[in-house]
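Heads up, the next two complexes both have chain A, just with different partners, chain B and then chain C.
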Partner chain A sequence: MNEQARPLPAEDSAAAVSAASERAPSRLSEAGVAAAMYLGCIVIALIVSAIIVWVTGGSPQDVFSALLDGSLRAPGRWGETIGIAIPLVVVALGTAINGRAGVVNIGQEGQVMMGAAFAAYVGVNLAGPGPLVIVCLLIVGALAGAMWAGIASWLLYWRRVPEVLTTLLLITVASQATGYALKVDWLLLAPFREDRSVRNQVSDQLSTGVRLPRIDIWGNDFPISSIAVVLMAVIVFVLFRRSVWGFRLRMLGRNPRTAQRAGVSTVTYGTTAMLISGACAGVAGAMMLSGGDFGNYRFTPGFANNIGWEGLLVALVARSHPVGIVVVAFSFAGLRAGSGFLAATGVEREISQVVLALLVLALLVPPAILFIRERRRALSATRDRT
Partner chain B sequence: MADQPTAGTEVPAVRLTSISKSFGAIAACDRVDLTLRRGRIHGILGENGAGKSTLMKVLIGLVLPDGGTIEVDGERCQIKDPHDAATRGIAMVHQHFSLVEPLTVWENVMLGDTGRFDAAAARRRVGEISEHYGLGVDPDAKVGDLSAGVRQRVEIIKCLRRDPSILIFDEPTSVLTPGESEHLFDVLRQAVRDENRAVALVSHKLDEILHATDEVTIMRAGVVVQRMETSEADAPMLARAMVGREVSLRSEASALGLIETAAAAETPDADSDGQIEVAGDSSGTRVPALRLRDVAARGPDGRISLDGLSVDVFDSEIVGVAGVEGNGQAALTDLLSSLLSAESGTVEVAGTAVEPGKPGAMSRAGVAVIPEDRHASGCVLDMTVAENLFLVDIERISTRGLYDPAVMRRDAARLIADFEIQTAGPDAPFWSLSGGNQQRVVLARELSYSPKVLVAAQPTRGLDVGAIEWMTDRLREVAASGVGVLLISSELEEILQLADRVVVLFRGRIIGEMARADVNLEELGLLLGGSDAAASAAEAA
Partner chain C sequence: MGGFFEAIGDVITNEVTYSGAMRFAALLAFAAIGETIAEKAGTLNISLEGMLLGGAFAGALGMHLTESVTVGLAFATVVGVVVASVQANMSHRLTANQFVVGLALNTLVLGIASFLNTSIQPVSRAAHRFEIPGVSEIPLVGDAFFNQPWPLYLVYPMVPAAWWLLYRTRWGLEVRSVGENPQAADVSGIDVNKRRRQSIYIAGFTSGLGGGYLVLGQIGRFEDAIVGGQGFIAIAAVIFGGWTMRGVIGGCVLFGTVNSFRLTLPTVGHELNSELLSAAPFVVTIVTVTFFAYRTREPRALAQPFVRGLT
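Up next is the complex of A and B:
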């Protein structure tokens, strides 16, 4: 009897005990730690910003008040914030998908440009019933973004060209190409008008029939694409949580060899993830154009206006969690909308930019710390194993 | 408990007194005493988790003890970090290599040096050490090109270069072939006898302890259970002390390194004998569960790794692939894991041809794999235990592309119970499991999709006695249930103990085959060395 009841090898029981003690109460306390970290970082950022504004002769209170006014408090402003948040969410959702598959896409800025440019061409030139044209321009925008990301993906799997480089460099190509399209009449340049002495380098405005309808709530108006965006977040959430595809995508991202053995083709899944990511950025561009919050329904040089980059940041801060992405995107959009009101406070532009950057940084630090902590814990656990 | 051996009146090189160290509620070491003397090899024997590694980490400064004293050369001291240990002349050769593959041997040895640096002198010094101890390591060789045994010797050079007076070896033979182990112990003997160093040899293999050490300390569950002169010890006695109960040497012989193969070969036990007959009778008519014909493949470096390999595995049969490591074992496992495509030749599973390089093709065809390096291709460390149990066949619990995490968790809990996996639960991250339990998860998953063939590559490597016993029993059960098992192992004892049929892998092809009952150790040894004469003799037979 006694012989049968062999004690567990100490290592096993140690792991079990430590895992148990880490796991059971962990969920809550982990969340608490994260929340405290965010709060702490934001408070520190606010204090440092206040000091900077105060030292340079401004009023910290005015600055923060202006930020709040511009993003939420003033009439109509939270509608504006939602309008900005829409493309951020879409870009970030795409980024979450390619991140999950372990492929890097940092070229969203270019993909947004391409999506918007192609959407502008369709929106201006395609004749037909408004809603149909809108659907067409959104689809074409998505295809354009996917195509742009697809180039990087193709180079990656064909010749192992690092996608970090290609996606990044394709931003420059996109901005030059769309810039050129805005110079020639047969592409995007708006026709010459007699009543204007200067010919602006912009596209024709989308006619009212092919603009996304806007929702109006208490004087806050924003495009109906917002509903589609929430739906997209839900879909991505389900994909990540419950779908076989999402499961296999994660497997690929975390251990490509295991994935290949289990039937996940690196090329197929990696390319699909990249194409979806590009399509998201492209459709974000198309939504920006047809939504009206950017460029007043015209495609302009530099149309993407850092939305691609910021979307990337949103995904990073939200740690690729679909719900987190919506929340973070709204915060980032709030800062963007609020910054419009900063000029009125008399604080110099450079200083107000520093304040904004500090607040963004405050949101970036906690996920980085959490990530490093997790990594460390996993590493030390594997090391102790031996 | 035996008295400490008295070796004259000289001051011991190291005296650890009453060392304790706890991790959480678990006492890894509980008032452990250990004395290392110059000119002697001290074996420290124990199962995984017995506390031997922790004790050594205390000595090398990687772990700070909760209590107890350390004396080095009679002087009481604290060892705060490995650097501290190095200045006191203590050096350790770790179980896992820390070498940079693209660099040469001497560059690796010099890594971590600070200050002025004389490349020519460093190179010369590495050559001298290698020659002095007969290590036969070329200082200019690229580490990436070297076998595990030679890499180990590079680690030893790294260690000896600082001329330490106290050497610690942590499971040094876990990746070595028997010949390489012999060589290692010769070097150790020399370092001890001629240069009066003190050596601590940590191991869970009995034969190593018996052959290589002068005295032995046996640990179990954090305490010293026995210490004695090795000359007074014998294998069953050590095994009993280490495991804390009678050991059935049959299933654990390989773990403990008791080479009883000659006896086993003469009197094969009944069940394996019977299986050989079944396989022999029907091999002409029955379709093999797995058939490889003239398979050739190249590794990622472009070198030929499989060169016309042919082998059959029938239902209910364990085929052991013996061979010195580096002769294509890794490529064969990769091929059967859909990680490597064949350049020529065919792979058939139960009579159906499979394209091996296609992702997932082998597992879909019913080839389960316990990979040699489970972290590389057997699991996803960052996923949960439940998810790892469903990596290959998530479709089983999904409808229209969606699965229910609750169902996954429930099914996983059942597998966890069936396979006695020690874990906090289905949601625990996979990395939180110990090696033996990770291996159980892999086996549980691979068996859960009713495979036709199970490929087990070095399935017991790095596991402790209890885990090895469990694993070998499972492999037998799997074969008994009708699955063909291909056991790829560099431990001959393991193969002879489990396999019904033994094939020998040499330079990417099978050069010999014999039924377990006909195994002739001498001939097998020649085959392992690639001897042509033996190969043709085996083919003739």
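Up next is the complex of A and C:
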């Protein structure tokens, strides 16, 4: 609308060029602006959380120092943080893949549940050498997660049911179905024992042979799956940057019509991306179960414990970049590990969730502003040329 | 299988089923009415769940502070609109991804509500029932429609009002055009993102009110899990209804009835597994949407951000 009000652009092309070069700042200062913006937004998010704590009568300083103690500073805590970061990274890598293909999957929470439940069944009931059972359990977890995501993608391509909706609704179905399995003897419920008076709704504990080995560095111990997770991040990075498959996925996500013309089948690639995404969430669930940082090697109701949701947010905040995912997952895991230390400060541990959500919202702002600025610059550049 | 049909027979001849169905359907309708308008403008508003939850907590808080249901409902709408304003400005001013904003908002509202709930512990109770004389005597469904806590009656005028707004005003026409073809709307002088923001504000208003109704009209006190995915079912009702007001209300009634069956089946003496019953509304929702959504057409620009010059 405001274009009409502007004076006609200068006829002199040299003047236009110089004007354009004045507007386009150097790359370095651009990166500086972006970094400053990210920093500013994070600071604002932290200030808002501090205000919430302060208003309800807590001490913000105590809260932040408790969070730091609980995630890094206290002995053995960064091992805990790594243990929590592992499933977050795996879920987020899967989300990055389906996001790249332009398919939405926001049901990771349910896929994690299914993966963990099936893995628990295999881990408890399959007899055999430990390492083999672990591999089986991880594979079955992946298949279960893929199946759960597969329902959504099947309905999407068969009946055009929005995958946003189905993945969401399947979360509740998954948690109720696994809750049901925990009530039935022949599924997951642990057999009755004399030493426990109340029969809890939990599965049998995985025997020591089928637990993932743990690495111990200076009193910080975390499961060996951390190495596999870093490898997975590298693989996804290479797939995205260097493979035809990754390029096709991006083409499908950016412009489905072009992709179709170039021979990329929407159904095949979309379904594949969705299945891989679900498989990642399922493996994450299996790793949580056999890794020991969640539920003490037992499957319990509500086992996923928001890991699916947070993993999804990790991928979205990191803008699907594998390296960014590892960094963001570690900081989110730190928040969660740190919230365990909040009880001493007298502030409810839900505050860590508030901090996390505020950080997510804050981290959305800088890329959006940068995008709009770039857009404006591009628009004004085309105006100068015509 | 005979037992199953017998159970269904017992349930559908029970007045309680209809009252319960009406109460669940009203909650869904509060949320779904606003969501319909937001989706018509092109936003798939995932933060509906957060708006409901925020409204519910604000309703309890308002009641706690002033002992008045009306003030509680007013608080609820204000908080609903506040949540909506974050969603609106992040996704249609900054053009951030609307799903990300919605998910983050759901987490944020849940976090703040449960945090404040444990530190304040608001005391609230349900509003009194208001029986409309005469019509509430109708057998079987009279009680359901006309003998309910009074906040429920707010949903009755809202349905025609929303329909009128969407289909009989200039604003409604602009909203629909923005959801179908934002580029064309932009060229004809409509501020696309402004209309989208306004439609989200309306969604925030109605679902905030819905949250207030949930806590002050139906349950009586606030808990963290009070909404429990009803917001997502409301979104499903919009899709099920094919983005028409009539269909959406039909969807709300259907899903509300399924929810009510879940609660009445045990009370009329039929034992069924509670987990399977809780999952039933979600399964029914998925199945019905699968078979009905195919025939309808969504607003063409649904869930697509609008940036001028970028198709």
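Please note the rule applied: the second predicted complex is superposed on the first by the 313 of 386 C-alpha atoms of A that agree within 3 Å, B and C clash if a C-alpha of one lies under 4 Å from a C-alpha of the other, contacts with A are read in each partner's own complex, and residues count from 1 in each chain.
Methods note: a residue touches a chain if its C-beta (ideal position, glycine included) is under 8 Å from a C-beta of that chain, and two chains touch if they have at least 3 such contacts.
Everything numeric here is computed off the predicted structure, so don't read it as measured data.
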- Would you check which partner chain A:T166 touches, where first means chain B only, second means chain C only, and both and neither mean what they say? second
- Message: Per the contact definition in the header, classify A:R254: touching chain B only (first), chain C only (second), both, or neither.
- Response: first
- Message: According to the stated criteria, A:W309 is in contact with first (chain B), second (chain C), both, or neither; which is it?
- Response: second
- Task: Figure out whether A:I372 sits in contact with chain B (first) or chain C (second), or with both, or with neither.
- Result: second
- Give one of first, second, both or neither to describe whether A:S243 is in contact with chain B, with chain C, with both, or with none. first
- Message: Just checking: does A:V354 make contact with chain B only, chain C only, both, or neither of them? Give me first, second, both or neither.
- Response: second
- Message: Output check: A:G263 vs chain B and chain C. Expected answer is one of first, second, both, neither. What do you get?
- Response: first
- Note on the structure: Interface residues of chain A shared by chain B and chain C, listed 378
- Of all residues in chain B, those that touch chain A in their complex: 23-28, 47-51, 53, 95-96, 221-222, 243-246, 337-339, 359-364, 369, 371, 375-383, 387, 391-392, 394-395, 398, 401-405, 422-425, 427-429, 431-437, 462, 464, 466-467
- Item | Of all residues in chain A, those that touch chain B in their complex | 3, 6-24, 238, 241-245, 247-248, 250-251, 254-255, 257-266, 378, 381-382, 385-386
- Query: Which chain C residues qualify as touching chain A in the complex?
  - Reply: 44, 46, 86, 90, 94-97, 99-101, 103-105, 107-108, 110-112, 114-116, 118-120, 189, 228-229, 232-233, 235-236, 239, 273, 275-276, 278-279, 282-283, 285-286, 289-291, 293-294, 298, 303, 307-310
- Given the complex, residues on chain A that touch chain C span 1, 52, 56-57, 104, 106, 155, 159-162, 164-166, 168-173, 176-177, 179-180, 183, 309, 312-313, 316, 348, 350-351, 353-354, 356-358, 360-361, 364-365, 367-369, 371-372, 375, 378-379
